[in-house]
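One chain, chain A, links the two complexes that follow: it is found with chain B in the first and with chain C in the second.
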Partner chain A sequence: MTEKNHFDGLNYENVYAAQKNMLPGTELSWLNDIRQSSMTKFVEVGLPGPKVEEWRYTNLTPLKSETYEIADKSPSMSADILADLTVQENTGSKVVFINGYFSEAHSKIVSQSGIILKSLPDFLKSDQNSAQALLSSLDKQNSLEHLNTALMTGGYVLQVEENVKLAEPIEIFHIATKGAEAKALRSKCFIEMKSQSSACVIEHFSSPDGFDIWRDNVTRAQLSNGSFLSIYSFQCEGSEVIHMNRVLADLGEDAEFRHQSLNVGGKISRTEVKPTLNGLFAKTNLRGAFLGREGSSHDVFTHMKHMVPQGTSDQIYRGVLDKGGKSAFQGKAYVAKDAQLTNADQSNKNLLLDRGAEANSKPELLIYADDVKCSHGATVGELDDQALFYLESRGLDKNAAKGLLVEAFIAEVFEEIDLEAVKARYLDLARKWLDKG
Partner chain B sequence: MAMLEIKNLHVEVDGQKILKGINLTINPGEVHAIMGPNGAGKSTLSYAICGKEGYEITEGSVTFNGKDFLELEPHERAAEGVFLGFQYPVEIPGVSNMNFLKAAINSIRKYRGEDELPAVEFLKLIRAKAAELEVDPEMLKRSVNVGFSGGEKKRNEMIQMAMLDPIFSVLDETDSGLDIDALRIVADGINRMRGQDKAILVITHYQRLLDYVVPDFVHVLAGGKIVKSGDKSLALKLEKDGYAGIGIDENAA
Partner chain C sequence: MASTLETRKKVEEVAGEYKYGFVTDIEMVKAPKGLNEDVIRFISAKKKEPQWLLDWRLKAYRHWLTMEEPDWAMLNYKKPDFQDIYYYAAPKSSDDRPKSLDEVDPELLRTYEKLGISLQEQEVLAGVAVDVVFDSVSVATTFRKTLEEKGVIFCSISEAAQEYPDMMKKYLGSVVPAGDNFYAALNSAVFTDGTFVYVPKGVRCPMELSTYFRINEANTGQFERTLIIADDESYVSYLEGCTAPMRDENQLHAAVVELIALEKSEIKYSTVQNWYPGDKDGKGGIYNFVTKRAACRGKKSKVSWTQVETGSAITWKYPSCILQGDGSVGEFYSVAITNNHQQADTGTKMIHIGKNTSSTIISKGISAGKAQNTYRGLVKVLPNAENTRNFTQCDSLLIGDECGAHTVPYIEVKNPTAQIEHEATTSKISEEQLFYCLQRGLDVEESVSLIVNGFCKEVMMQLPMEFAVEAQKLLGISLEGSVG
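Right after this comes the complex of A and B.
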């Protein structure tokens, strides 16, 4: 029943059967049908094993032996957690999920005309027809997303009308508490940018150290002509968390999509960014850094699809690995036969702070058009001893000297960020990671 | 009490014996110059004083203000007041001169149990030092030494020295690569570091720096040893007669 090189996911049928009443929209028969058929499709394929090419660097064996149920609702949370995560001085909307469930009490939706922002459960209640349209038309789902569709409890819908500019960034908080031990937290988020609209979303993932939790978040963004969407993602999961975050974006003519991520936590962390450029002159800009040491594996998988001419994509990813840390960057770029005059750049550099660290980098270019400019570069290097001694000779201790060099190494990823508080947060989290070493 | 006391120092690099018994005493208020053929071990001596990794001390001692210096990490030696002007200053992409200097100063202050230097005072100080050394303050916003000309790198070393205000400076060929005006500016910078409680060790190949920074003692280092010491007239004699003129085979190193 399971596909070749996949693990059996049969147990999740039982989870679905036992817990379906806990899922939002359980009263909607069309939704139950979607969930049920998604579950069937998931079970047909199963969980990807390490022999599946796209997953060769992320070993999902821990998912094979455990079955992660859906978390209980009604967790409590101290307000400090939220305060610590919030980007300074941001007065925009805050949408909070605790253990996979929308928490109205902690959230704050700032209303603005031309903007709809609702949690998915609320949207299922208030906008049934739109919700059905959204959930019925999920294309390009892999087996993990089928499982997500079947069992998701959280998520949100953001719709920005034509010519509307979101005034302040929206912050999304995906928080887990100790109560989520051995549970899976799933959310599905929809962002719809109508033509010439613009928005910025900041997402935070946070969970306690030492608790075995499976997080799975999917964002599907639709960018109509001339729209702009920027997503900032901060992954600060606890030490035992399996973190998966997938973003799919469809871009129309002249649309621009930016995604900038920082991964510093988790036991297994997998970020997938998959933009499809369907309109002329569409632009994507992907930036990311991952910092790992003993007990963590980071995997960033990007799949850039240029379907039409004159598109631009630019990716810069930086990895820093200390002793025992593992990482993989897989950058797949596809340029269709008709997508002439495409510009596609990709760069992944990795810095090993210790010989006992491992960084893999695998660019994969599938170019079928002949008049394109595509580049890719991947390097793995160590700290420059001469530079280290130079800094030390000026009075910086070894850790501080290393810190300065690491910050310089990842600086390129964040230098274009124009929101100062967001930029500061990236640097701050990177520094905290270094200090832990 | 001597400020720096080096006794019978033997240093190996990659298993190769480079310094073979250096003895050198420097007292507060003194300026010493070390000259010597290429490959003699001058830079090696400067690295050994500052504690660079890979410079293995196989014999001997280095004492600074009564402290066993060989026990200290490089950053601790800096905080004790030693500054090394590099023969080849290192380029560090992505680290701005400003941030680097601020971090260095505050790290040293912390070691000494002092409070951080307020940002405003730091800025005032760095502007003053840049003006003294006739350096465009815009340059300080750039990455450390990246894209600097040879002479600019040496001037940047002098700004760092002036900012860190060391007790003892080792200046390794700070004069090489400088144009005539820059040499005077840098020499003035070095002279500002002189003082009753301070000392300087300049490593140089040429008399021209010593015309401005007049040394109390001149040593000739060859083949890993100090083979001759004298006053400033030794440098003048070397300039005139070369190493052969004082009976040193250039290839002895």
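Right after this comes the complex of A and C.
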């Protein structure tokens, strides 16, 4: 039965029927069962329509009116693309996905004791029991999640053992190239941090301009007691991409999760970050910036769940919208009845650079505990005329002055990053975006 | 913490004391239970309404039949059975309406005395013109003569339908269309009475206008409709208060208020809502589903909503401003207090359409016992609204660990020259503030009262004198013991 507020997903059921033999792991019957049942669940609900509250600012009609099939496996790719994207020196592991498939040729897995890093297709075969457990523990409320499970082709599994510290950040590359036009690229990533472990992941989403692609990536992170995980995300998709990235994190006692994202590409971009603080003293830190102009729509959706006492969460998001750009920030902080002594802060500021820009903000607080400190702030405005005038009077031309102010506006988001190369890349991408305008 | 226990005990004591919970024994004329086109025709005939109004009601009813009850609000309640309600209940003696206060049923007058609004007293001492709506009909309107001299029309909406049909036709449903939402459509179909106010050009209404609503009969719904029109350069301040007897079943109140502010006019609309909130186990109480909306049509017009919400089992209410006129101003000041099992989902919408429009939203939510209190607001700036300004502040206080306070603001901006600020905090009473007061020699009760008064002050200051007294008393009852 299809709910009234959803588009039916029958076209994707047809894709599954026609292309299921192309999916990795077809020889595993348990996997086929999971895929099949996920497909059934997806079809029951369908794609969220504009009347679904969480999707009020992003219209998914294009996914219904056009059917995005699964891309063919790995064409060749020039190594230059990779070199351009790489942030860290060449010492860490690299995991590369081309058009949604793991590319062994371009990837480099550096072995370190206590660390398991595998592509999802490999993991499905080598660790069948744990893979099965992981795939059955997914977000059952989310119909897109079911679709992703049914049709995913790529992804990775990272496991960090107790007390192990990952030596170098891992870089993940989601690259689209020739052959990806009008296709859907889906991946599912699992990160498991055992107690007192620590890791850092840098992920890149890159695709050529003009390619009509649907990208759907899911990352599920499990952080045990005292572990630390930081994810840096660069979304530099092409102009016609529908980009979706969902991050779910489950935090144990004293665990810390950080997520930093920059969104500069795509025609529809949706980033969801949903941390659940299940252990005392857990800490979450979310940072993000989204830059948009004509033909692009950014939607950042966060859902912070404080389930137990003494948790801390902090969210800072900045949006810059030029002519024709549209954005939405929907941030939800939930504090359960038992989560006393929670500190939850949220800040979303938006800068409108020109006519025709649109910023929406919905910072929500849902509080069921009384001894808490929760706050949120949201603003929308334009550049300060006086500040602009001051800079111009110091000899900067208007564009340079504007650029400087915008840079300062978003710099706050990336201020605390201690990896210099990563920080520099964020600012560099922001600057490039500005120069284009 | 001893002080917490102490104050919580006080809350429980206070919770049982709904002092307006009496029933007045007056003979009533009722329409048959349930809702169908005949009931609507019956109401319309009782009111001797013109045909166009009946048609309007029927159209609204037919539209209502196609609608579904909204469930997006953060409220949890048993949906009312719309066929189990009396849609019309009037004191019998109103068949021949009283010509003056002397002719009003003395029993009724005593009711109002109990409420603390003796009509004579009001008329003579306070100088407030009161329109009293008892269940479904407007019982008496005081001070009409004085107002008439100034050209101010202040009468029941049924009278207005007969005497001022042109204005009614022009403005009724122009701000809240008959099919606007589920409850507004229901109200448009079955509204039984309400108030009509017209303030002519250049007139500053010489006194505060006020309406008192009371639901008396069992199983009745109250559906009143208020329409206020402020012509160019006029000013009016309007007060509204409500009570109901204690009953075990839930009673429905679905009102519609429409305000129209023309050029340079100002309307100040204040509400003290004290419907029966149900007992401390959440039994009974009023369902308060109200649609209130103002259109600032003229340049530099201003509408200010002030509300103190202490009653009702369920509150679903979003007084809004459509800022069409250039330079128009919308304000929303709200204190919402929920205790025991009360649930409130309230807030405002500010739609900026004209240039140089500005709006201010100050919302204070206080949640105690097992109550849920939600602020839900929208600030929308359309592409042609240049230089708009909005400031929103929503603060919530939580008392006890079983209640909830939620904030759901929507900000939608399509013009770069807008300056929109929103901030919200949720906390309990600061230990430091409490400690400071205590060490200055105040006891816990006094300290809490002082701090909470300070918390609500920005809103209470907006209330007109006549209401401030009552509102403060209400706040006193609901708040004094409830924070610790």
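The rule is simple: the second predicted complex is superposed on the first by the 431 of 437 C-alpha atoms of A that agree within 3 Å, B and C clash if a C-alpha of one lies under 4 Å from a C-alpha of the other, contacts with A are read in each partner's own complex, and residues count from 1 in each chain.
The definition used in the following text is that a residue touches a chain if its C-beta (ideal position, glycine included) is under 8 Å from a C-beta of that chain, and two chains touch if they have at least 3 such contacts.
Being a predicted model, the structure only gives us computed values, none of them experimental.
After superposition on chain A, the partners chain B and chain C are accommodated together without colliding.
With both structures placed on the common chain, the touch criterion links A:Phe389 to chain B but leaves chain C unconnected. In the superposition on chain A, A:Lys267 makes contact with neither chain B nor chain C. Once the two complexes are laid over each other on the shared chain, residue contacts for A:His106 go to neither chain B nor chain C.
In the overlay built on the shared chain, the residue A:Lys423 is in contact with neither chain B nor chain C. Within the superposed three-chain model, A:Lys41 lies out of touch with both chain B and chain C [touch as defined at top].
Contact with chain C, but none with chain B, is seen for A:Lys337 once the two complexes are overlaid on the shared chain.
Taking chain B and chain C in turn and counting the residues of chain A each one touches, the greater count comes from C.
In the superposed model, the vertex angle chain B-chain A-chain C (Cα centres) comes to 80 degrees (nearest 10).
Of the two partner chains placed around the shared chain by superposition, neither chain B nor chain C is touched by A:Lys165.
Touch criterion not met for A:Lys20: it reaches neither chain B nor chain C. After superposing the two complexes on chain A, the shortest C-alpha to C-alpha distance between chain B and chain C comes to 15 Å.
The residues of chain A lying in touch with chain B in their complex are 384-387, 389-398, 400-401, 404-405, 407-409, 411-412. Those residues of chain A whose C-beta lies close enough to touch chain C in the complex are 53, 337, 340, 350, 352-382. Those residues of chain C lying in contact with chain A across their complex are 72, 381, 383, 396, 398-428. Residues of chain B touching chain A in their complex: 50, 52-53, 73-75, 77-79, 83-84, 86, 89-95, 99-101, 103-105, 107-108, 111, 143-144, 160, 164.
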